[in-house]
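Shared between the two complexes below is chain A, which has chain B as its partner in the first and chain C in the second.
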Partner chain A sequence: MNIETNPQAQDAGGAKVRTGIADCDIHPSPRDFEKEVYPFLETRWQRYIESYGMVQRVGFMGGTQYPKGQPRASRRDSFPPGGGGPGSDLAFMRQQHLDPHNVELGVMIPLRVGQQILNIDLAIAICSAMNDWQIAEWTSQEPRLKGSILTAYQDAGAAVREIERHAGKDDFVQVSMLSRTPEPMGNRMYWPIYEAAAAAGLPVGVHAFGYGGTPVTGGGWPSYYMEDMMAHSQSCQALITSMVFEGVFERIPGFRLVIVEAGIAWLPALAWRLDAIWRKNRGELTAVKRPPSDYIRECIWLTSQPIEEPDTRQHLVDAIDWIGWDRVLYASDYPHWDFDDPQQVLPVKLTRAQRDNFFRDNAFSAYGLSDG
Partner chain B sequence: MNIETNPQAQDAGGAKVRTGIADCDIHPSPRDFEKEVYPFLETRWQRYIESYGMVQRVGFMGGTQYPKGQPRASRRDSFPPGGGGPGSDLAFMRQQHLDPHNVELGVMIPLRVGQQILNIDLAIAICSAMNDWQIAEWTSQEPRLKGSILTAYQDAGAAVREIERHAGKDDFVQVSMLSRTPEPMGNRMYWPIYEAAAAAGLPVGVHAFGYGGTPVTGGGWPSYYMEDMMAHSQSCQALITSMVFEGVFERIPGFRLVIVEAGIAWLPALAWRLDAIWRKNRGELTAVKRPPSDYIRECIWLTSQPIEEPDTRQHLVDAIDWIGWDRVLYASDYPHWDFDDPQQVLPVKLTRAQRDNFFRDNAFSAYGLSDG
Partner chain C sequence: MARHVVASVEEFDKTDRKLVQVKGRPIVVFRLGEEWFAMSNRCPHMGGSLCEGQLISLVEAERPGEVTMSREGEILRCPWHGWEFDIRTGQSRARPAAFRSRQHPVSVVSGAEAESVGNLETFEVRRDGRYVVVEI
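After this line comes the complex of A and B, so read on.
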């Protein structure tokens, strides 16, 4: 470990510390899908994929929303020297990321596998196989890495069975969904998933992306990749609004939500307006017993990447002051192109407590891990 | 005028001042549509309305997104004692709002008339008639009130003709659109409207609401009125994003945008992320020459109502510090239910300059009025 690249290497008083960090958004990929994932798929699905492929629910860019200048949406230096795509080689991930950044807890979220597949039975099978793959290729070999239980959330019953199949395993720290769902995320078609996650002691980690089948903005389909990226914070504002007003946080004790890769600084303005509008219209519904900001503060964590970058850096600190220094989780997005280096993610003076929370302790709280 | 109810009655030093305020969102309605608006409609449209009605593009609540507990979306005390709906009686509006709040400039935005009508020729005719109605019933009788040129923006050519018909009249201070358009608002189908507004020296005032024909969130149709209300700030974030990246602000010199009734505190976080994503992906498009926040600071004003209400009121001041004290316009939303009293809209200590800007001077800049 290079102490110089450890953001916790110096505290405000200059004392050396060597605690690791938690990175709450790492994207592993199979190096060879057939070799690594087929063993966990029934033969009929192997044959099906060979005949029909894995047709996904796609957005306005035909499902490939990444500019080619960012190959596989990844850092150009993240292709393992021994071959394979970014995030496909554990040894290289250790060398390039886990070791130099002293990652003590790395939360893996496999993307573009399973959750967007239109054939729902295939989606269920792929999610299940990818969960077994996370154990076989990653968590069983590297205790610093933890997985996310992928769910085909269009079939809540199947998602619940998959959650229950892994509940209690220390390979997984959350249940994974994507942010752009066919129905707003507070809809009760998803409640069994939230209940199963809470029963298993796991948060639901909602990663930005996905396509629900409708335009990504309330004003239709945008034209550019950058607009598609910008729409993530808006879809997460909508899903939090939906979850608050449908009563998810009120009705499901222990439900925890982690918003991944949608920014953070929009949360205060959202909460202020939620509170105000609820105070004035609360007779519309009965599920919400307390000001929406109460649920947000108690039940929601957000990962930092891509963190907003105001010219006046203090403004970001002010935003986190409202959100709570116990609510924002460091995430790198490794190996993707917009990777946030822990050294540079929060270019402001932090107190020791703020730094410990942000880079490590909050993750243990969010995922319900005992702090060892 | 009751000096006690004038927010500018005392400056920080306690000196009495008597300057008026600008209210940038007042909603007038015809008391009797046939009597007041038919004179400005060709006979064939009068007959058409009697046979076919005015069928509007509607949202998930069938076009009536207001709870009945707020009749006509209005303050219960805003029904004129002599009959008619809220905002339909000039004398009562003077008595209830313009005089006691010392409104020097009141910007009228007629809603639910014309812009959402599906028969585009009828939409054009109604918008045009409502513009004539604004002059006949309001601006010609009350110099403190100014109108908004309603446009059937689905037909940009017709919208341009309507703008040109009124350009130069001091009855109007802006061109009016609604925020939820069928295509994102930066789309070039709308550019002729923006160019005509700029040529006429008028800003485009985008009032929240409208339905484009697609769900109001990127995650589908929500369930509740409160979610529909919350989605306004998201659709305005999307439309600013679209206008920035489609190059509206870069391509159209003098184009000015006023965002009405969508809140304000979300703007800093939007701009921070726009800047960051543009810096990293600017090769995707050529229309954007400068950081998006430059365009936002130069070309966009926002009205205050419904202002966010953070527990720590200083947070709202911090947000306006970033947005710019020269960019936020006081608006009451009179006579609607969520009326913001100028006494209470900004429950923080303001400097004299901040107060003058917010309550009056910014409006004169935004609308390009000479300050007399």
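After this line comes the complex of A and C, so read on.
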């Protein structure tokens, strides 16, 4: 295989067959919620939204706790020339991202709409509508793009029904949750969701953010957006720890987890510490038979963006050596402002196998897709 | 270094910037009043297109809470990760030694002079016009 992030290089490369990349974090959003999503919502929910809004576990109706790095948390060059917000125009997404970066598989994760709304029935309805929207506006029109099944995971039964409604469709490659859940992610209230995902052959993709109602760090509310971003590695370490020690990986064969947008280099150190504490204190646990690093190595993948940028770039290679080159999935986060360009993201010399894994093959393994 | 005519001055009547290609290289030209600046359009951090960036002021603080703004429009902020570059030197504010955008000398010449620059194939030069020349 000869993966190429720049299709124009094909001309210079002559007859070599070049293959596209997998981008495991792309954010589409409705250009017009009423026009695009209302058709999938019962009239009573349309009226409800107009009267009462979509209240989340956060103090602000129209935004997040912290101002983002750029307007709409997006690249300033990602606003489509024809109007609408970033990520709302398929033609422009093709032109700005999918085509020039040779994206062969783009995994969409819609954010900010549906999950963790306080009215659980509304959350269920909107997640369901957003899943139909992904098919209608995106996956049915662009075969390179695949969706994520949004679930109102506070209600596991409803989440399971939504997963089963879409199981087997090639429009979706994962079940979507957000990292800041109301209860730690290993809690048994969520197990039916993990079982349904495993039964459908889908991993659960946990994207950073979400509003669980608790502060974004274990020590309370920090002052700055930068701290909000850094706190993702903290919450993802906590959720992996919870899932390992509650026995999720032991209890649910075939369960796969993709951690999205929380950094990567912390994972080896977490696994070392979990192994050490497990050896000493595992009498406290009921269902953890193997060292935690075994489950992590077998069941967890991480997306790359926002990738660590050490001054000595080789340190990043060392970190991925420890994680495993079969475990890190390239992600751009398009159209968000902290976008990682595939041609710049790993400015170190890689072997062919490392490059193939990082940019493409790991994604096909993580999502259980046959290599096309 | 060779000089290249890249635009006429009138093209900047309604904009403060223009993206041009010189020898296949994307260069962004800025006009600040009567001053001209040109730099590589690729952000040295991760390749963001600098012509899409905002021109902002220099924001400094002697101590927390005492913020001053100066040099309006002279700091270019990348549209992606927000790296800020001094439009006069190309140096990044955050890491001046490590990240610098490549600057190119710019001048404005008369139509008569533009004819002697050489790289005219894409320009119809009027003798009474004024033209932007970038050196690469």
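Quick note on the criterion: the second predicted complex is superposed on the first by the 347 of 372 C-alpha atoms of A that agree within 3 Å, B and C clash if a C-alpha of one lies under 4 Å from a C-alpha of the other, contacts with A are read in each partner's own complex, and residues count from 1 in each chain.
As a convention for this text, a contact is a pair of C-beta atoms (placed from the backbone, for glycine too) under 8 Å apart; a residue touches a chain by one contact, two chains touch by 3 or more.
Computed from a prediction, not measured in an experiment: that's the story for all the values here.
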{"item": "Partner chain(s) touched by A:344 [first = chain B, second = chain C, both, neither]", "value": "second"}
{"item": "Which superposed partner A:220 touches (first chain B, second chain C, both, neither)", "value": "first"}
{"item": "In the superposition, chain B vs chain C on chain A residues touched", "value": "B"}
{"item": "Partner chain(s) touched by A:322 [first = chain B, second = chain C, both, neither]", "value": "first"}
{"item": "Touching partner for A:44 - first (chain B), second (chain C), both, neither", "value": "neither"}
{"item": "Touching partner for A:76 - first (chain B), second (chain C), both, neither", "value": "second"}
{"item": "Chain B versus chain C as contact partner of A:230, first or second or both or neither", "value": "first"}
{"item": "Residues on chain A lying within both footprints (that of chain B and that of chain C)", "value": "69, 311, 337-338"}
{"item": "Residues on chain B engaged by chain A in the complex (per definition of touch)", "value": "67, 69, 179-187, 212-227, 229-231, 233-235, 237-239, 241-242, 245-246, 263, 265-266, 268-270, 272-278, 280-281, 283-285, 293, 306, 308-312, 315-316, 318-319, 322, 337-338"}
{"item": "For the chain C and chain A complex, residues of the former touching the latter", "value": "46-49, 52-54, 79-82, 98"}
{"item": "Interface residues, chain A side, partner chain C - complex", "value": "69-70, 75-77, 311, 337-341, 343-345"}
